[in-house]
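Chain naming follows the written order as A, B, C, D, E and F, and within any one chain the residues start at number 1.
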Amino acid sequence: MLVRPPSGKKVLWQEMLRHELLAALDDRPVVIVPVGSVEQHGPHCPQDVDISIPYHLAIRTADEINDFPVIVAPPVTYGFTHYNMGEVGTITLGLEVFIAVLCDVCRSIWANGFQRIIMVNGHGGNLAPCWVASVKLAEEDVWALAITYWNMATDELAAWSEADDGSIGHGGEWETSLQLYLRPNLVDESLRVKDEWRQKFSPPVQRYAKFPERRREMQNGVMGDPFVASAEKGEKLFNVLKERLIALCVDYHNEEPPKYREFGSHCP
Amino acid sequence: MLVRPPSGKKVLWQEMLRHELLAALDDRPVVIVPVGSVEQHGPHCPQDVDISIPYHLAIRTADEINDFPVIVAPPVTYGFTHYNMGEVGTITLGLEVFIAVLCDVCRSIWANGFQRIIMVNGHGGNLAPCWVASVKLAEEDVWALAITYWNMATDELAAWSEADDGSIGHGGEWETSLQLYLRPNLVDESLRVKDEWRQKFSPPVQRYAKFPERRREMQNGVMGDPFVASAEKGEKLFNVLKERLIALCVDYHNEEPPKYREFGSHCP
Amino acid sequence: MLVRPPSGKKVLWQEMLRHELLAALDDRPVVIVPVGSVEQHGPHCPQDVDISIPYHLAIRTADEINDFPVIVAPPVTYGFTHYNMGEVGTITLGLEVFIAVLCDVCRSIWANGFQRIIMVNGHGGNLAPCWVASVKLAEEDVWALAITYWNMATDELAAWSEADDGSIGHGGEWETSLQLYLRPNLVDESLRVKDEWRQKFSPPVQRYAKFPERRREMQNGVMGDPFVASAEKGEKLFNVLKERLIALCVDYHNEEPPKYREFGSHCP
Amino acid sequence: MLVRPPSGKKVLWQEMLRHELLAALDDRPVVIVPVGSVEQHGPHCPQDVDISIPYHLAIRTADEINDFPVIVAPPVTYGFTHYNMGEVGTITLGLEVFIAVLCDVCRSIWANGFQRIIMVNGHGGNLAPCWVASVKLAEEDVWALAITYWNMATDELAAWSEADDGSIGHGGEWETSLQLYLRPNLVDESLRVKDEWRQKFSPPVQRYAKFPERRREMQNGVMGDPFVASAEKGEKLFNVLKERLIALCVDYHNEEPPKYREFGSHCP
Amino acid sequence: MLVRPPSGKKVLWQEMLRHELLAALDDRPVVIVPVGSVEQHGPHCPQDVDISIPYHLAIRTADEINDFPVIVAPPVTYGFTHYNMGEVGTITLGLEVFIAVLCDVCRSIWANGFQRIIMVNGHGGNLAPCWVASVKLAEEDVWALAITYWNMATDELAAWSEADDGSIGHGGEWETSLQLYLRPNLVDESLRVKDEWRQKFSPPVQRYAKFPERRREMQNGVMGDPFVASAEKGEKLFNVLKERLIALCVDYHNEEPPKYREFGSHCP
Amino acid sequence: MLVRPPSGKKVLWQEMLRHELLAALDDRPVVIVPVGSVEQHGPHCPQDVDISIPYHLAIRTADEINDFPVIVAPPVTYGFTHYNMGEVGTITLGLEVFIAVLCDVCRSIWANGFQRIIMVNGHGGNLAPCWVASVKLAEEDVWALAITYWNMATDELAAWSEADDGSIGHGGEWETSLQLYLRPNLVDESLRVKDEWRQKFSPPVQRYAKFPERRREMQNGVMGDPFVASAEKGEKLFNVLKERLIALCVDYHNEEPPKYREFGSHCP
């Protein structure tokens, strides 16, 4: 994975010196926490697909914003993915442990004085835990926004999909495309498979909520069709995502996190 | 709240006799777990808006399905709503406690032999915890679907909103309408207020994820405009929701929960 | 279960409007939290015997007290009853989860300004957890009294028992009588059985403490003899219990919860 | 505290050699776990009143039974007594920690093959936690009986009390008497005080359940009247308690712990 | 185990009267918390070897220091020793439970005003948990030093070992010697065995860290050679340990625990 | 930080393809888990000193071993370092959360079939938690060795120290030297300070155990003297450490993790 963006600009929290972090505090900085997972992604993709995408998004976003500081926190690499256990390469945290890690990391960043925190998640199983972590933190007046990258481009995903119907999949059309763009040397296209079985399995019961997953639901460790993936498609999607994340950082830089407000008369 | 549907049919788990539950097991029964919250809902609505709606939906759904058993579990009345504390009437569980309650209830129902469980949630703060509970349970081969009622009618909400832009709000257009339809005697329309302040507060930072809430974000303890609410609108929405939930129950009755499947050759 | 008492008086926390709860705060209100369990109760009784009794007691008590506000909180329906698992209908919470629910509910009620809280429990397995929850809360200066309903009438139970020797039993003489009085339509008297086996099993080891229970200890899912139950006996017992609970509410209304007191000279 | 009974017989688990414990397993042994607390007990009593009494009871009981092995486990010295914090000398465990200690200790003893375990408790705050620990353990088929020593002689306490109305108190009539009998050198009778204030404080609200305690409720760190205490009264009570505990051990030795029993036809 | 040192001086926290503890607070007292384990120690040693040694060290140390108060807290008898389960006599706490006990005990002692706390541990499995407990407590400004007794005399152990190469072992040369000195009546020398198998098992992988243990690693429940043990060697080692602990107490008495210090300019 | 060693060899778990991990399983592979911390390290060093060193050690070790697979797991970047909070840049996990993360990661790796796991830690506060995690895992038959890198070269550190007396310090002589060797561009030598105050603070109470730390103990956020640091010294130390870690990997590759062994006759 990239350590520095092409420009060589220093954007990683962990690389910064004390005075650099202190200086950043003066200008309403935004801190991005990449959140991912380590898990099997089919025979052709590496194990860190789900953290590599938000991590690269964060670095490239921080690189392009020069009007105020955007800092990339050390990635929360391990996620909540018990349902991929059994597929070699998968490492999972327990649910409560994962939520606690997110809360402790955001609490600490907040305690350093950084009040605009964005968790950028890249793994389906983390979506709900990230969101509840942000709600839980609000009770302590620690504010962290939790987003999942593909939700920033649902329209484009739907419009541009050749095979996967707008779904981010799992080692399918879009994750493979993003890997081919970001880290082509880590993909072995000759090993691609697609999940025939799953494509036929669309239970009506998933009308209003996704059914919880398990490994057994994947025929080949893949959801979707990586044969229609390409670096060009990956780049196109990545650039949209990056623009969206930049816009979000600008918005957040310009806003204040919630301030304490006295109760109205309807409270005791 | 209703105990029995208008037909008088017995649908509540807690009212059933042992032999009735045992008999239901023979015919691929569906169990609905209503999940809600107890919290202030503006000056004009009672505290149990968020449990009353999924509870009535569940009862009415169970009443109308006669081809197979649909049973309504005792409601999980208390939810995760720390951000409404400070507004009189609110009672909240801690996040981990709430998730644990959902898991223990679904585990127990499953252990009784009922393998088609649907949590129907009526509170925004519960949405993510219900979803992660269902994922967590899957690790133990306990399958429970988690839905939030308004997500079954997002198109209708968007199309029919006069003031609240398709949002379910909080004591606003739609929750008030549903209460006026379901329990008109518990609403005091003369006390209605709307939240002018919030309507002007639409931070761009909420592009891709809702910002965690706190009481301070509500001027009057309300989100949205209850002045455009009516029993007729409530009935119209309720009937759509009920039809959707009936369809979901039928789907689930006809499907099998996931079965264990041997690993493929890509696993050690 | 009743929602309103016969008088139609509004007594449920969840039905109250904001201004009604705020008004109640002015007059040293008492809040009753019914605590129960969902579990098999023999072939002739429904699953919610253990919550229905404290719930009806609370409602009828709140109905009859007019000198100050008595409010019935939403019932804590699920209890600690792993030892009834295996009997169809039973749903249990883990011990720590159940204690945490009780504490969170009482904490929240206290945070709303209500300082006279009574948990009225109706399930044997909850007796100790309710008591420890009240002790635990005291560390935070949250005061909640924990009572179990049959302990308000031990003399009457002993004097009036025809078969069960003053024990509340499980679907036996007294629980069945109370159900016949409160909810006759939910009892199927034709299915009654009694537990011959248990009646002969009175291990001397239970001299000074009840031996922990398990399902295996019940021959028919019943402890005691429901054949001697009647609605009349149920009514007689219920009225005594109600009078006791009314007296307790009056006492509590007239007293102050503990106030902070400076240490004496024997403390550092 | 005593290490060996007057006879010199070895009764402590911790003093036994491996082959001695193994030999005991052959003869349906009983293990007594003394459970207490470390806390202020007025100016005249030491801090370990609450563990010393069950510990001596256990040792003397084990000493007198020669027909089968009775072994005294290492005492669980620390208890749940936050409400005595603030009085010098008090050390408390958190509720969940204390319950977990009891469960881990009993689990371990059971795993060693000892299937007749009696927790003998000497502290009021431990009563409910000990009981719930025994219920919790039953879910794992680990059986431990939880008794609190004064409940073995409630009639005698009531009949023999000169000042404290049958209550065990706190550094009052009976605890002081027992100390004067068991460890006279650790009591300074010249420092005795009684709690005038508390004796007048008998809130009616404690009709059916003890109100949770706090230090502030004690004027002098004492509940009851130690001026009527004597070694003779201590000996008389101790001997009754010991006989009761001996009888309980004999009962338990003669009984089998619960065995697994197949479900009846009323279960799925 | 000793209750009082030979001098008869009162040194145990639990035996002290309120005014004695209060008086001690005036003179920068040191509190020693003995921490041990209950576990099989070969056929010739009792189960409480690991608590008996720090406990006697603490008592003898407190006995010999007369310039300021040294108080011995009630021992934390149970430790973290799952890897000895399976050997009869072993009782273990879970890791988190054990750490929590240490923290609660030290927190309580600190809350009593005693600010110089030393945990003296006698069990290998407790070494790391004691250390992390002390670090965890520091976050709350509760300071407790965690030492393991044999680390006070590593040079002597290495120099004086005839068979066990400076290791404290498990029922081997040194633990047996200490028992023969401290409690000769509890050792049955005729039953001694040594662990031939283990002496040959010195895996190179243990270069920089001890491999976690399990019972299976012991042939006879012993690590080391008790045949070279003697009371004289035990006394020699004990006296060195006692002198070291005395010196440590004097040091601590003369020092202040950390005080709050303002941040320097390098902090926000 | 390095992603690949100079050779370009693929050594990171997260970069591997499924078939590569599966192939590695055939040859007794070793998995190294780098464990670190994110925290202030003086004005001249970056925040990730404590993870960068074990991470580079792991990568370089894996690079040089060609006889069997050595795989570097994704680093556990966040550690237990509450005592550095207050110094800008520090992010900490709670103790229980950190231990749980280590256990979940090692459990998952083990579940993938990799049975030779080495945690290589680079942060003082993690030392004890890593060790207890390895002990805890052993209860489940998951074996993971926990080492802290500087303990592999204590003799060299002592012999080669010009200022810091063999201590690894905190942004002092040795950590700065290692950074100058590994990542010179991230160190700003012009900002070096040393901790005069601490050098004078050597409390005798730290005879046998390190006193728990807090930020207040550092004058400048540094422990030790970075002015005597150099890349040459860093390289010299790094090479020793690497050789030691290589030797450890070879040892472990050649050994079997513990196998289950039947109990001897001394167990029930």
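Going forward, contacts are C-beta pairs under 8 Å (C-beta built on N, C-alpha and C of every residue); 3 or more make two chains touch, one makes a residue touch a chain.
The structure presented is a predicted model; accordingly, all values stated were derived computationally and were not measured.
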Using C-alpha centres only, name the chain that sits farthest from chain C. F
Superposition rotation for chain C onto chain E, Cα-based, multiple of 5°: 120
Quick check: how many Å separate the C-alpha centres of chain A and chain B? 28
In whole angstrom, the CA-centroid distance of chain B from chain E equals 55
Would you give the residues of chain A that are in contact with at least 2 other chains, written as numbers and ranges? 18-19, 22, 25, 40, 43, 87-88, 112-113, 221, 266, 268
Complex interface listing, chain D residues touching chain E: 1, 3, 13-19, 21-22, 25, 38, 40, 42-48, 51, 73-78, 85, 87-94, 97, 100-101, 104-105, 108-109, 111-113, 186, 188, 191, 221
Within their complex, state which residues of chain E touch chain F. 40, 43, 80, 82-83, 86-88, 95-96, 99, 125, 127-129, 131-132, 134-139, 143-148, 151-152, 203-205, 207-209, 211-217, 219-221, 244, 247-248, 251-252, 254-255, 258-261, 263-264, 266-268
